[in-house]
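One chain, chain A, links the two complexes that follow: it is found with chain B in the first and with chain C in the second.
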Partner chain A sequence: MISPRTIRNLRKELRSSLLAKVGIVLVLAMIMVAAFAPFIALHDPTEQDLDENNLPPLGFSRATEETTSEMQNGSLVIKNETVLVNASASHPLGTNSLGQDVYSRAVYGARTSMMVGVLGTLLAAILGVSVGLVAGFYRGRVDDGLMRFADVSLAFPSLVLAIALIGLWGRAAVDIPDPFVVLGVVEPVRSALGLPTGMPDSFVLPGTVIVVVGLVNWVWFARIARGEALSIREEEYVKAARALGASDVRIIGRHVLPNATTPILVLATIQVAAIILLESSLSFLGFSGTTLSWGFDISQGRAYLSTSWWIATVPGLAIVFAVIGVNLVGDWLRDALDPGIEGEGGV
Partner chain B sequence: MSYGRFLLKRGFQGILVVWGVVSIVFMLRFITPGNAVDAVAPLDASPELRDRIAEELGLNQPLYVQYLDYLWDLLHGDMGFSYISGIEASQMVFTKLPATVELAVASSLVAITLSIPLGVISATRRHQPADYAATTFSLVGISTPNFWLGIMLVLLLSVEFGLFPTSGRAFGFIESFRIMASQGLSPGINALWQWLRHIFLPAVTLGTYFTALITRLTRSGMLEELGQSYVQAARAKGLPETLIRYKHALRNTLIPVITVLGLQLGTLIGGAVITEAVFSWPGLGTTLINAINIRDWPILQATLIVIGTGFVVVNLVVDAVYAYLDPQVVAE
Partner chain C sequence: MAEEILRVRNLTTRFFTEEGQVNAVESVDFDVRDGEVFGIVGESGSGKSVTALSLIDLVETPGRITEGEVWYRDAELADEHRDSYPDAVDGDFVDVRQLPETTRRWLRGPAFATIFQDPMSSLNPTLPVGEQIAEAVEVQRRARANPRRTRSRTQGYGMGRFIADSLLPSRNYVSEESHERAVALLDRVGIPDPEQRAEEYPHEFSGGMLQRAMVAQALAGEPDVLIADEPTTALDVTIQAQILNLLTELQEEEDMSVVLITHNLGVIARMCQRVGVMYAGEIVERGSLEDVFENPVHPYTEGLLGSIPDLEDPAPRLSPIEGNVPSLLDAEMGEKCYFADRCPKAMESCLHRIEERDAPSTRAGVDHKVRCVLADREYDESEALNPAEAPEVTDD
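Entry: the complex of A and B
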C-alpha cells in the first residue's frame, strides 16, 4: 500500500517545502490540543461567571457605560460614567457574554472539529469508496445506476442537504467520557500547575452531524474510486488474478483497493478540511449537537460584535489555522504523490 | 457524435437527475420522524380534525398515489401551499430566487475578475513577491469559513468605519431599473446605489473562497501549460510572449478550470445559504432555514427542488460551454 518509493517521495517533498513543514506543525498542534484539552485549557470551558463576562483579551480594554446612583444631600443623583473594563490574567483571550473563558472554549472546540472532521471523512470514504469501486469494477448497468444516483446527490449542495437532514432528524449527540478525567490524571496535574480544577468529565460527540456529514460527502470519494477502479481493472495483474480464479470480492479487496489508496488518501485530507469548514458552518447556523464548537461560539459572538469583538474573532482564527494546516498537508501529499486530482471537494 | 446530439443526450440525463432530485425530496418526508399533520394541526386538535387535515393534505392515500399526485402537481407548477402562511410555495420560492441569483452572480463576477489575472501573474512571476502574495492569499482564502469572513468584514467595515450596511437588501437589481423607468433617473440610480452598497459585503464574503480557489487552479494550470512543448515551439518560432501566454496557455488553462467551477457550483449555493444567514439577505437560504425550523414542508420541498434543479441546469450550461471549447469531450 505504502511503498518505499512513496515514502521517499514524501520525504523529498517535505525537505524542499517550507509550507509542508508548516502544515505538519499546525496539524500536529491541533491534534495535541484536541487530545490533551483538559491539560491545556485554563478553565472549564462551560463554567459561567456572570461577574466576569465580556472581559477583553490581554492588552485590550473595553469601554462601557456604567450607571451609578447615590443619595447626595437628600436627593438621588444618577451618574453615567464611562468605565474601562481591563483584561484579566486568568482569561488571556477574554471571556464571552456568559463569562466563559474564550481560550479554553477554543481548546475544547478543537476536539469537536477533529472528531467530526476525521470520523465524518472516514464514513464518507467508506461509503464512497465502496460504491465507487463496485461501479468502476463492474461497469455497465451497475455503474450507470450508481453514478446517476451520485449525480442526484451532487445536485444538493452538502451544506443544504446537511441542514435539511439535521433539521429534520434532530440533533442526537453522544456523551463520551473524557479518558484523562476518568483515569484521574487531570486533577493532580492541574493542581500541581496551579490551574483551576474540575474539568468536564465527558465530551459531547455530535453524532447526527458526523453521520450527515459522511452522507453528504461520499460522492467525491465515489468519483475518485470509480475512476481508479476503471483503469486498474484493465491491469495485467487483475487479469492474472481472475485467470487464477480469484473471486470479485478478493480482486477488489486485494488488488483494486490497495492500488487506489494514493488518490483516496489525498482526497481524504482535502475532505477533512472541507468537513471542518462544514461542521463550523452547521454549528454556526445552530444545526449541531454540541455547544462546544468554534462555529457555535462565532454565532454567540456575533451579537456582541460592537463591544466584544474577541468572542467571534478567536474561534474564527482557530478554524483558519486548523484548515490551513490540513490544506497544506493535503498539498504536500498531492505534490509528493501526484495522484492527478485537482482541488475536488468543497464545503 | 455531433454537438447537437451531445446536447440532447446531456439534456436527457439532466431531466433524469431532476426527476431523481424531486423523488428524493418527496421521500425526505417519509424518512423523517414525526407526522406532517402535527406541523399543521393545533396541539389540542381532535382526532376528527386531524383526520380531516390528513385528508386535505392527501396524507391518507397510499404512498405511490401521493408520489404520482406530487409529480403531477409539480408538472403543473403546483408545489403546494405554505403550512404556516398559506402562500403558494412556488410563488414564495420564485420571489426569493432573484436575491440568491444576484448574490451568486455578483460573487462569481468578483471571483472571476480578480482570480484569473491573479493566477496568471502568480504563474508568470513564479517565486517573486507577487507570486508569494497571491499564493498566501489563496491559501488563506480557501481555508477561511465564509460566515466568519462576513462577520469580520462587518466588524471592520460596517461597525468600525460605517462604510456599508450590516444587513438586508433594500432594492433588487431589476427592481432598481423598474424604479428608473417609472420614477425617473435619479431615484433609479439611488436605488441601484443602495443595491450595490448592500450586496457588496455579501458578494465579497461569498466570492473570496472562489477567488482563492480559481487563483490556485489558474496558477497551477498556467505553470503546467507554460512547460508544454507547444509553448517552447511558439517561443522558438518567435511569437511574442504575451500572445503565447494569453492566447495559448491561458486558453488551455481555463478549460479544466471551467469543469472544476461546474463541480463547485454546489459549494457556491451552500455558501450563499450561509452568507444569506450572516447578512439577513432575503433569499432562498434564509427561506430554507426558516422552513426547516418550522417544519413548513411545502416550502422546504420547493426550495430544495429549485436549488437541485438550478444546479442541474447550470451544470448543463457549463457542459455545453465546455464541449464547445474542447470538442474532444463531444467525441468521447
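Entry: the complex of A and C
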C-alpha cells in the first residue's frame, strides 16, 4: 500500500519543513518515554512521601509560613516565620501534595495518553470507516439511516456523551503487566544506574475510556469515509470491476478503501491529538479508571496552583507538547500525501 | 447467417430524478450475432451508454431497468435454469434479467465484458496494472474450475476472506498461474515488455497503453460478448486507430461478438457489420451496415450521414441537423415521433407513437428495421408539419 512515490513525497516534505521535523521529534520522544517509562522515571510514580510533599523543582524554592508556639515566661508566644523549602536533587521537577515525584508521574502519564490516544483512534477509525464506506457505497436509505444516526451522535457534546457512557458502564480498567518488569530487566538496569528500584509491575489501561472515546469520535471517520466512498464509487474502475463480476465486499475492500486511505490517515493523526485531550479532560474530571494520567495530575495540582504551580504545570506542558507534536505530524502527512498541493502526485 | 448470441427485446431504462422521470432507453430491440461487430451510434445523450450499462445490468440509482429482456445464448446455463426459472429459458437462450443477481454477477466476465470510455480512470490507481488483470483472471479461473451451480458459494469474496487477505500478506488471492496469464494477456494486446509493465501502476502508463490494458482485462474472462462503450473517445486520433485495429484483430481471433458504442460514424463504417442508430433513447433504424448507410430510411439517419464531410466532393457547407436532442423528461416527451420537431419530412401522421417496421426496400431474409412512417409511405408535402416554405426566422 505504501508506494515508493509516497515515501519519496514524505521525505521531500520532511526535508523542507521545520515544523514537520519538530513534530516528529516530539512524537518520537513521547513514544520512547511511554515505552521505556520504567527506565526513564526516577521514582515509583505512586510512591508517597508526606515528609517531602510540595517540593519545588530544581532552581526554585517555595516560601511557606511556619507557625511555632512556645511558652515564654508563662505566656504562650506564637511565632510566624517564613521558611524557604528548597528543591531536592532526587525530585528534579518537584513533588505533589502527596510527595509523589511529578516528573515520574508525567513519564507514566505518557503511557496512558498514548495508549488511549492510539487505541481509541483505532477503534473510532474501524467503526467510523466501516460505517462511512457502507453508507457512501450503497447510498440511498442505508446512507440516510447511518448518517442521520451519525449526525445525532455528533449533536451531543463529546465530553457530555463520554461522561454519560462512563456513568452507564462504570470505570472498568485493565491491569496490563509491564513487559520490562515481567522480563526482569528493570531492577538490574535501575540499580546499575543508581536509581531507586521497586517500579510498578503493571500498568492500568482505562478500558472504558478507550471504548468511550472511540464511540464518541467515530463520526468524524464516518463522514470522511462516506465522502470518499461517494466519489470513489463513481470512478470508472469501480464500474469496470463490477463489469468484471466483482462483489460489493471486494470492491469496497480492494478499490474504495485503498483509495480513501490518505484522508483517513491524516484524520487519524489529528484524532489522536483530540483523543489525548478528551482523555485528559475525562481524567481531570475524575472519570478515568486510572490515576496515572496527566489530566488527573492537573486536577490534583489545581488546588495548589497559587503555592505549588509545578504540580499542574508539568503535566499541562506534557499535554501541550504531545498535542502539538501529533498535530504537526498530521500536517506533515497531509502535505506529503495530498497530491492536490504538490503537482507531482497527479496522474 | 450466423446465429444470434444476444437478443435484446423491449429494453427500457428510466431514471427517476428529482426533475421527473427520464426515459433514457425506450423499448430498444436488437440482436447481436456470433462473431460480428454490432455498432450503436447516436448523438451525445441519445442513450447509447445507458443501453450498454443496461445490458450488463449496471444501471445505478436513480436509474432502473423497468422492462425488457436480454436473451443470452448459453445452452449449459439454459439447461441449468430450465426447471428453476422456466420463464427465463427459451431454447438455448436465457433471459439474463430474470436470473438471480448472483448468477448475473458470474456472467459478467465470461459472458459479457466491458471496456469503458476513459482508460485513465478505469484502473485503480493504488494497484499495479498486472495485479488488477491477474485478479480478473483469477476470478474467472476459479469460476471455471467449479460447476456453475456452486460458483456463488465457492467464489464469493466475502468479509472473512477480505480480512484474512489484508491481515496475512502471505495469503495471496491471485495465484502464480493467473499472474502469468495476465502478463500473457498484456503481451497479447501489444504492450511491450509486459512483465515489467505488469508491475507498474496506472499512472506510469499512457492513455493508449491503459486502454490496451483495459482490453486485456476484458479478455481475462474470455467473453462471448465484448461491450465497448466509446473505447476511443478519450484517446488521440493515432492511438484510436491502433485500438480499433486491436479490437478487430482480437474479435476475429477470439471469435467474440462486439457491441461497439460510438458517436463516430467513421468508426462504425470501418468496424461494424450491422448497426443501430439511436435517437432520444430509441433505436430509430437498424440493419446491416450497407442497408443503413446506403439506403437510410429514417430522416435522422439521413441527416447524420449528411453531416459527414465528403473528401471527394467537398460541399461548400455541411448540412447539419437543425435543433437539439429533445429533453428526455417523460413529461415533455409526448406520444409523437421524438424526431418530428427537427425532421425535415415530418407529417401529421408522425404525431402518434411510431412502431418499428421493416424498411421498404427490405429483401427477404434481410433485417432492416426503421421507426418511421416513411417506411410505409412516401413523403407528402401537403401534410407537412414543418413547412419548407415557411420563411427562416434567422437570415443572417
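The criterion applied here is as follows: the second predicted complex is superposed on the first by the 328 of 347 C-alpha atoms of A that agree within 3 Å, B and C clash if a C-alpha of one lies under 4 Å from a C-alpha of the other, contacts with A are read in each partner's own complex, and residues count from 1 in each chain.
As a working rule, a residue touches a chain if its C-beta (ideal position, glycine included) is under 8 Å from a C-beta of that chain, and two chains touch if they have at least 3 such contacts.
Please read all numbers here as calculations on a predicted model, not as lab measurements.
Novice: Both complexes share chain A, so when I overlay them there, do chain B and chain C fit or clash?
Specialist: Once both complexes are aligned on chain A, chain B and chain C fit side by side.
Novice: Using the superposition on chain A described above, determine whether A:Gly59 touches chain B (first), chain C (second), both, or neither.
Specialist: Neither chain B nor chain C is touched by A:Gly59.
Novice: If we overlay the two complexes on their shared chain A, which of chain B and chain C does A:Arg250 touch? Say first, second, both or neither.
Specialist: Touch partner of A:Arg250: chain C, not chain B.
Novice: Counting only touches as set out at the top, which of chain B and chain C does A:Asn327 meet: first, second, both, neither?
Specialist: first
Novice: Where does A:Pro258 make contact in the superposed view: on chain B (first), on chain C (second), on both, or on neither?
Specialist: So A:Pro258 only meets chain C here.
Novice: Looking only at chain A, is it chain B or chain C that touches more of its residues?
Specialist: The partner making contact with more of chain A's residues is B.
Novice: Would you check which partner chain A:Glu235 touches, where first means chain B only, second means chain C only, and both and neither mean what they say?
Specialist: A:Glu235 contacts chain C only, not chain B.
Novice: Once both structures are overlaid, what angle do chain B and chain C make about chain A, taking C-alpha centres and a multiple of 10 degrees?
Specialist: 80
Novice: Between chain B (first) and chain C (second), which, if any, makes contact with A:Arg139: first, second, both or neither?
Specialist: second
Novice: In the superposed model, how near does chain B get to chain C, counting Cα atoms only, in Å?
Specialist: 10
Novice: Which parts of chain A are touched by chain B and by chain C alike?
Specialist: 347
Novice: Quick one: which bits of chain A touch chain B in the complex? Just the residue numbers, please.
Specialist: Per the touch definition, chain A meets chain B at residues 19, 148-149, 151-160, 163-164, 167-170, 273, 277, 280-281, 284-285, 295, 298, 301-302, 305-306, 309, 312-313, 316, 319-320, 323-324, 327-328, 342-344, 346-347.
Novice: Which bits of chain A are touching chain C when the two form their complex?
Specialist: 1, 3, 139-140, 235-237, 239-247, 249-250, 253-255, 258-259, 347
Novice: Taking the touch rule as given, give the residues of chain B at its contact with chain A in the complex, in rising order.
Specialist: Interface residues on the chain B side: 13, 16-18, 20-21, 24, 28, 32-33, 139-140, 142-145, 147-148, 151-152, 154-155, 159, 209, 213, 216-217, 220, 256, 260, 263-264, 266-271, 273-274, 277, 288-289, 292-293, 295, 300, 304, 307-309, 311-312.
Novice: Name, in rising order, each residue of chain C that touches chain A in their complex.
Specialist: 56, 58, 61, 105-109, 112-114, 116-118, 120-127, 135-136, 139-140, 143, 156-159, 162, 166, 201-203, 214, 217-218, 220-221
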